[in-house]
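As written, the chains take the letters A, B, C and D, and residue 1 is the first residue of each chain.
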Amino acid sequence: MEFQFLGLGILSWIVFIPILGMIIILLIPDRNRNAIRWTAAAVTSIQVLLAGIIYSVFDQAKTGINNIESFQFVEHHNWITVDAVPWVGKIKIDYFLGLDGLSILMVILTALIAFVGVISSWNIKKMVKGYFALYLLLIAGIMGVFVALDFFLFFIFWEVMLLPMYFLIGIWGGPQREYAAIKFFLYTFIGGILMLLTMLALYFSVAYTDPATGESIHTFNILHMMNPDNFVDGGLLGGLDTTWRYVAWMALFINFAIKIPIFPFHTWLPDAHVQAPTPISVILAGVLLKLGAYGLLRINFPIFPDATLYFGYFMAVLGMISIIYGAFCAMAQDDFKKLIAYSSISHMGIVILGIAALNTQGMVGGVLQMFNHGIITAVLFLSVGVLYDRTHTRGLYDFGGMANQMPKYTGIAMVGMFAAMGLPGLNGFVSELFSFLGAFAAYRWITIISVTGIIITAAYILWTIQRIFLGKTPDRWEDLKDLTLREYISFVPLIILIVLLGIFPSLAIDLINSSLSGLVELVTGGGI
Amino acid sequence: MELMITPWLAEPGLVHFLIVSALLLSLGLMAVLSRRNVIMVLMGVELILNSANINLIAFSRYTSLSLEGQMIALFVIIIAAAEAAVALAIVLNMYSRFNTVHLDEIDSLKG
Amino acid sequence: MFTQLPLIILVLPLLGFLLLIFLGKRLPRKGDWLAAGLLITALALSLSLLISKLAGQPDESFTQTFRWLAIGTHTIHFGITIDNLSAVMLVVVTLVSSLVHLFSIGYMKDDPRYSRYYAYLGLFSFSMLGIVLTSNLLFMYIFWELVGISSYLLIGFWYEKKSASNAANKAFIVNRVGDFGMFLGIMILFVNFATFSFKEIFDLVEAGQLPYGSTGWLTTAGLLIFCGAIGKSAQFPLQVWLPDAMEGPTPVSALIHAATMVAAGVYLVARMFPMLTADALLVIAYIGAITSFLAASIALTQFDIKRVLAFSTISQLGYMILALGVGAYTAGFMHLVTHAAFKAGLFLGAGSVIYAMHQVLHAQNDHHTDAQDVRNMGGLKSKMPVTYYTFLMFTLAISGIPLTSGFLSKDEILAGTLAYSTLNGHWLLPLLGFVVAGMTAFYMFRLLLLTFHGNPSDRERISAIKESPLVMTLPLIVLATVSLFVFYSFNPFGAADGWLYQAIERPISMVPNMLQPVDAGIFEEAVHHIHGTAMVLSILFALSGILLAIGMYYWKKIKAENLVQRTGVLYDLSFNSWYFDELYDRIFVSGLFLLTRISKWFDEHIIDAIVNSSAWVSRGIASVAGLFDTNIVDGLVHATAASADRAGSMLSKIQTGKIQTYLVYVIFSFLVLFILFI
Amino acid sequence: MDLTAIVFYLFSIVTVGAAAIMVFSKNIVHSAFALMFSLAGIAVLYVLLYADFIAATQLLVYVGGILILILFGLMLTEQAVTQKFKAVTVNMLPASLLAAVTTVLLVYAYATTSWQMVMPEERSETVYDLGILLMSDYILPFIIAGVLLLIAIVGAILMSTRLTAIKNEEQ
């Protein structure tokens, strides 16, 4: 498992290559716009390539989660070590990256969506250099979160990602971009503070014994935090089922729930989406939302299994509300982009419902749904972008008859919409199916109510299709062009994945099955 | 008294050179402070630099500073050369802008 | 033979779909020959499969599975089962589908999206074959949904028309409601049995395992899965989508609403039969009977040729469901088969008529006259002889006149229902059954007479009508032929002697004893007893219906208008489909929109308001702090600044701007420091 | 009084005297030439201090280079032609006061400091040792000095060309 280049492992490369690209872009004069774009495209294609390598050598049988032995591509170095600090003792922060079944899909998704995002950013005209530099920084942050195994590192990447997003919405966004950007920033910032507090509380509660010297060292290592033996006596978060553990769980949960977003923390999402430029919407919905659910699975569940079990029902109820409520809100929208934004809330509700089930089917369904939803919403937001580029409107009532005008576009967009509807043969179905199956085993009535969401989803998606693609073309859109080559390039890989994973879901499920079984065991049975 | 001074005068040592350098420094200072022609000021600066160099080389001869002193002096000379070139360019620019080389006529920074 | 062949049959239409969707327009003749050829090949293969199955191993069932995915410790398979049921269904589906393909060559020839149409037909056929072949519930559901989406595409094929896309949406969403129930049923079964396979589920039920350990849940699961059938087969209360779905091209109606999609529901019930409890079956039977009656009563008064056929379809499907519900398993399935043939024929015949009308109306530049309204037809008999005689054949079959296939199956159903009522005392079921038989005969003959007999509504128009081309009439002839009794049984009065009855046997129920439906043996005995009575009664009812129709529309002895006035409210109910659409519109659609508006309002005015008001509160605090800041804190700052300013202007006098002065200061201060510190 | 002392005093007087002429001369061209003598005198003092290489450098760089530059500066600012040689002094009083104080202070400091002297080494020549030092311990400053010179030259050229550009514009 030696994949090293210039002394850095493959995960370091995949995280830091965008930073490298950013530096190169900053060195290119602003007027060489094409050079900047091509650099970004090259960097992201290298990421896709690296993700492909990771996929091809990934060992499906290894579990990961709380066992360092079964993580893959691990890079573990001392980063900050301060020996004697009053009261605290030894501070130790590691540069600790690793990959397991939980994160591999997310890494692949990030690489892919980043690439697609660059392609669709091609027609950004305003401050190209700054845009792509921030874009790549954002990608690096996201990628970092997905592979970091040290809580401190995780937090740093988490915050690194926040700022570029703020600027990308706030500078390149629509008319109300400042409002949207600030809303986004405040929400996620509050979440970040909660996470910081919890992280520190965990830090002071956890200490592991260095096998070499025998001294007890506080650590940010997430894997150490998962081991109940490492909680120091009298630590704030020690013990089981204590109020403080519930509070800590809740603080982290709110942080992640904001990102996902779960009702009632979701209102930043529609605004951010509507104002953000198309590629940023794609990143936002495609990858950023997954960070929340990923955080829950990586941090909340294994570190606080007791609290997770305690709050399982609560999460399922929130998931249910998100599904139904998001679908209802989506149906009421007149703005294409807003509709998709609310549909994201609805679909991410399925993720929450699935992982709240705390069984393997639900968990696998939920994680797969994260991946699938990332691809599907990317297609949907790209579709909105295509229309918006040509017509400069997103009002659902402004369109009609696009199937005649732009048949290829219609075909592609409809595949995306059908996938969002959970149509069998496309990827959305499999993940929804298993999320619901898992949830049904755990929470019968909640799931029954949630499943009605698929009816509402069908209703609003078909209605949208009808309003945009069917009917007669209004006169003013008589001369719209069909897809360009560049747009094809951004759509086609996603469409292929949608169909491929719909027919052969085992391609993805086999990767995550073993890890998620391990996680379920850790939370529900193992040790605690 | 005489007996004290004469041998001191007869054998020039470190202090002698230092005194020469001090005199040169004062003269350079005079030039810098009192002459209104900018080129004269430049020449004064050269003089000050040279006085410093004499000090350095004298130390290298008489104290444990040894060759290091000469080395520093060498670099001083190099930098002085660079300084002279740049300073001259500045002078020429100044002349073309204000049409004078007299420092007392140039007071656009007056508060 | 039984392993590869079904796979090939399954894949052929899919291949057609893929080829046509990607290369359709570039193929010669836009690829219709390709699609039709593939389907005819599939038909030939299915026929050979059926024959060799029945001749060779009629009692075996062949299942092969492929690993689809593994999740946790479960492995989920994709499986294909060939037993007699699926073999027969294969032939039915491929037969109707390939005839529809042929027919469409004529009917659709000028359509701008010709190749797209054939692609959708291919997708549809593929999904339907998948439903037929699958060996587990999950894939049943998958293909179920695929059928839904391909029917959506076909119904909305002429999407420029708002009514077409509305109908497509309605069809899909109403079906989704049914699927919702089916999905819940599947979840109950999977959560308890950890498998989707029919066989394994039946085995577990037989072994005494019950969902959540209660028989009530078993019944519930069965009924929930039946919800899927309610949706797909347009049973009460989800029958509303089917009449609207007539917005699609007529051959599509023939395919979807006669032989395949709607039959899928019946097929599903037939597949699930072994785990349906007596209670569940009773509910199913009542739903079938009610549907059958409702739809027939609506069909009595419709004037749109396709709508009449649509309601008759619903009614006939009700029959099949009723038959399955009472335990007349084979009769129900047989009616599915025979009905597939004659109903496809009826639709294609109607298509032929509509096509001819369209041609004429188009030539006359008439865009107002409805080509589907029977009041605009009349007297077509002489103009379209082939269409007429085949249509007559189908009408006789659906009315249940002896020597037709319809008689055989309908008779068995009625006998089964009657037998059931003698055993269990549910008299309403046979009553409804017989009344519907009479109504069916009435409205079908009404349709026939109005369309083909009588005086032409517009002499000029009707005289210009021409018979449809061979490619359209040939499927009619084929279907008319297979509507004869000989293809099902050599005894025109006893279906039980035919091969189909031999091949398809009611499967053994696996449910616990106390929930068993009436034992097959006892049931057969009762049917045998009552068969003669049922036959006489059914012929009687049918003949009286026909007589009434002829009396009203041929001899004109009874004025239809008088009857309309006499019946008043009943007529209104019937003519407006019992106001189901309006009812659903008021309750569900409006309710849904109300809910969405409430959600949106809640989102914007409550949740966002909380967010914004928290921002507002913090801004308020900020402005108070700001006041403090400007007046007090800033006051101090300003004072400082002012003094600094004054000091500055004083000190600025030192700034002479002359560099040498500065140097003097510098040296001076340096020397002062030097003196001070040395 | 040995030869060294004689030479020392002689050239000390030359150096300081020439410097004084330079400072106080009213004619700026005279000042320049006086500076030349002063610098040459300093070179001789270097020789007395066994710094032969530095002495040579002093002659080459200062007398041959910097002085020429200064003369160029004089001529380019058209002072040699326009006869405006009056070098009126400013700040005369504070300047002479400060200079005097500085001298007194420095001499006092030098005289009263107890220098930790070592026995003077008799060196034949320093070029070899300097070369070794330059290429070993002082390699980095050496290179940086080279870069500095380069930058200074380029900068000077740039500033002068911009000067011509400004002049052209004015015309």
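Here is the rule we use: contacts are C-beta pairs under 8 Å (C-beta built on N, C-alpha and C of every residue); 3 or more make two chains touch, one makes a residue touch a chain.
Please read all numbers here as calculations on a predicted model, not as lab measurements.
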Quiz prompt | Which of C-D and A-C has more C-beta contact pairs | solution = A-C
Exercise. Express in whole angstrom the distance between the two chain centres, defined as the mean CA positions of subunit A and subunit D.
Key: 70
Quiz item: Once you find the CA centre of subunit A and the CA centre of subunit C, what distance in Å lies between them?
Solution: 36
Quiz prompt | subunit C and subunit D: spacing of chain centres that average the CA atoms, whole Å | solution = 103
Quiz item: Just how far, in Å, is the C-alpha centre of subunit D from the one of subunit B?
Solution: 6
Self-check item: Per-residue multi-chain contacts in subunit C, two or more chains
Solution: 658, 660, 664, 667
Quiz prompt | subunit D, residues touching no fewer than two other chains | solution = 90-91, 94-95, 98, 102
Quiz prompt | Touching two or more other chains - residues of subunit A | solution = none
Practice problem: Would you mind giving me the full set of chain pairs in touch? | Solution: A-C, B-C, B-D, C-D
Quiz item: If you look only at subunit C, which of its residues touch subunit B in the complex?
Solution: 651-660, 663-664, 667
Quiz item: How about subunit D: which of its residues touch subunit C in the complex?
Solution: 90-91, 94-95, 98, 101-102, 105, 109
Exercise. Show which residues of subunit B lie in contact with subunit D when the two form their complex.
Key: 9-20, 22-31, 33-37, 39-40, 42-44, 46-47, 50, 53-54, 57-58, 60-64, 66-67, 70-71, 73-75, 77-86, 88-93, 95-97, 101, 103-104
Quiz item: What does subunit A use to touch subunit C in their complex?
Solution: 183, 186, 264, 266-267, 325, 328-329, 331-333, 359-361, 364, 401, 403-404, 411, 418, 423-425, 429-430, 433-434, 436-437, 440-441, 447-448, 451-452, 454-456, 458-459, 462-463, 466, 469-472, 505-506, 509-510, 513, 517
Self-check item: Parts of subunit C lying in touch with subunit D, wherever the complex brings them together
Solution: 658, 660-661, 664, 667-668, 671, 674-675, 678
